[in-house]
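What follows is chain A paired twice: with chain B in the first complex and chain C in the second.
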Partner chain A sequence: MSKKVKVIPCSGMGKVHGLVAREAALKVVSELCPADAETVCLAYIVTGDDEAKEKIEGAPCLTLDGCPKMCAAKNVELAGGIVKKGYRVVDIFKGHRGVKPGNATALTEEGWLLVDELADKVKENVLELGKEG
Partner chain B sequence: MSDEVKIGVVSCSGEDCLGGTISRLATRKMLDEIRPDETVTICLPLFLAGGAEERGFAEAYPTLAVDGCDKLCAKRATEKYSGKVSDAFDVSSLIGKEAAESKPLSTRYLTEEHQEMVNKVAKEIRIRFENILSDYYKNAAQRIKESGNASNCGCGCTCGK
Partner chain C sequence: MSSRYAVLPCNGLDKSVGCIAREIALGLVDRSESDLICPVLFRVSDARYSKMAAEKPLLVIDGCSTRCASKLAAEKGLKVAKKITVTEEVKNRNVKVGKSLKLGDSELELAGSVVEELLKEEKKEESAAGHEFSTITYDYEIYKKDKFIFRVPRTGFYFNENDCWVVVEGNRARVGVADYVQQSLSDIMFFTPPAIGAEIEQFGELGSIESGKAVFEVISPVSGVVTAVNENLISAPELINENPYEKGWIAELELTDFESDKEFLLDFEGYFKVLKRKVDEFHV
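Take a look at the complex of A and B:
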């Protein structure tokens, strides 16, 4: 199993929050910490396949959920991943009342700023987990 | 026949490859532009994280699964936790396996080529969606016809008189 920290978003389909989670996770694994973090398809984890479980069983995971249902965190835990921190996009929104982030299909400039803010927080956590080894 | 029939479109939205981004965007196109009043969706992980209502999705709606790669996670997870899907396809059959399994893409960097892939997949979803809808109406008409044959008394009951 790869030693990289797993960053797993919900990618929720119904609201902008899911897209913010997805884009923040992609930014972390593709741009900010490609050497220290990677993602695993949540849909694959949901299938319960042994191969999917092997990818995250016992691994440090950071989950990014759009809504309080916390689908990513719950599914990762069910598959044996260790959720070191479960981020909630709704919490990021609380600090930006009145913001117009876009929708579940496309983000506005304000939406991208929220993505960047969340991605920076996740990046810090990835680097800390990397130091812990 | 109800005018309110809705079709479920469930995409994998896979985070690990381009096919997941394309499946997600094409599904969103159905919801936003092509059939907004007749399309419903669900977040796939809700089948496990949610309750009975979420798990009843594929029973409540004829459902099309749209997968980003040949692992077919959307189809398999829907059938494992919710119910049999009416149809399913993998976007790699349309955009090619190599493209579908290439690196995941942020919507920030979508190119015209990616947009064409989304349009191609959305077109396929629309075709399959219409087939599902057509089958639904045919089956509903058949059920009405059969119940009419069983009930000759004219009152709508099934006494057979």
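Take a look at the complex of A and C:
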């Protein structure tokens, strides 16, 4: 089993919050810490795909949810993943009242800044979890 | 007034701060339904006071750092809910107290203000919890438009055209926003509550809620004095998105003239028509 931390965003289809979650997760696994983190498709997890399930079962996972419904955190936990921290994009937004991040299909410059902020937080957590082994 | 504490003060006959501890205990018991535990009798008579301490949260009031009352509570194996040490209160408030066991004005004033704060805390806790509205039933009619679902409770609720609701029980009212508001705003991220004690006119502002899309001022369907706000919304405003009629209620008021207010409100049938029109005309 890969020892990489699993960074799993929600599907992120409906709102800009979800898009921020997806983009932040992709930034973490592909740019910030590709050696320490990888992502798993939430849709696979939800449908009970064996490979996806095997990847997260008992593994440290960081979930990134756009809205407070927490689809990613709930489903990862249900599938046996250990959610070390469940990030909520709405909490990042709370620190930037009045921000115009774009919409569900495209982010504005401000939206990308939120992605960077969330990705940095997740990266820190990935590195900490890496040290824990 | 609630029956908040079982109060265990120190005996308070060695130093003036001890006398202040006694004074705080007596003041609190006098002004709330708290019960007093005599520290001397407690040492020799377990049964009576242990039962009292088990029934109510225990407030321990020590005069000085010897903490006789705290030690007594520990000896008896009691769980302390709140602790006050008068010497710390003196330091924090930067007041001077004399050495005499007979309390002067400044000592009595200190005791009085500590009592006031304890009573206020009590009131605040009650406010956060809100009143139990036993008569509310949640039976929803649903109107669907595309992926959006708009619920409206069929009975017991009155509405204004600003999409705010009220339920009334006796002289108390609970107010919130309708599903239309939370669907239109989408993810609500901020809740600004009205001030407790504020007098609100019918159609006056009763706090606001905000999402990434817009700020919505809650327009009170009734006139009255704010007695409670849903403090859970401050940390979790998404409760309004989950269900604005139940856990997402906004505030409670003591009504001033509901019979007159009612003339300007809609019942279920009236509001449901308004909602359908709004959804069909405006909602995207």
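Some observations on this one:
Following the convention adopted for this analysis, the second predicted complex is superposed on the first by the 133 of 133 C-alpha atoms of A that agree within 3 Å, B and C clash if a C-alpha of one lies under 4 Å from a C-alpha of the other, contacts with A are read in each partner's own complex, and residues count from 1 in each chain.
In the analysis below, a residue touches a chain if its C-beta (ideal position, glycine included) is under 8 Å from a C-beta of that chain, and two chains touch if they have at least 3 such contacts.
Given the structure is predicted, the values throughout are model-derived calculations rather than measurements.
Chain B and chain C, once both complexes are superposed via chain A, fit side by side. By the touch criterion defined above, A:58 reaches neither chain B nor chain C. Residue contacts after overlaying the shared chain place A:12 against chain B, while chain C stays out of touching range. Judged by the touch definition given at the top, the superposed model places A:34 against neither chain B nor chain C.
Of the two partners chain B and chain C, it is B that touches the larger number of chain A residues. Seen from the CA centre of chain A, the centres of chain B and chain C span an angle of about 100°, rounded to a multiple of 10. Distance between chain B and chain C in the overlay is 6 Å (nearest C-alpha pair, rounded to whole angstrom).
The interface of chain A with chain B does not overlap its interface with chain C at any residue. Of all the residues in chain A, the ones that touch chain C in their complex are 15-17, 67-68, 90, 93-94, 97, 99, 101. On the side of chain A, the complex with chain B involves touching residues 8-14, 18-19, 22-23, 25-27, 30, 39-49, 69-72, 74-75, 78, 103-107, 112.
Partner chain A is touched in their complex by these residues of chain C: 186-187, 189-190, 210, 212, 236, 238, 241-242. Contact residues of chain B toward chain A in the complex are 11-17, 20, 24-25, 27-29, 32, 41-50, 71, 73-74, 76-77, 80-81, 103-108.
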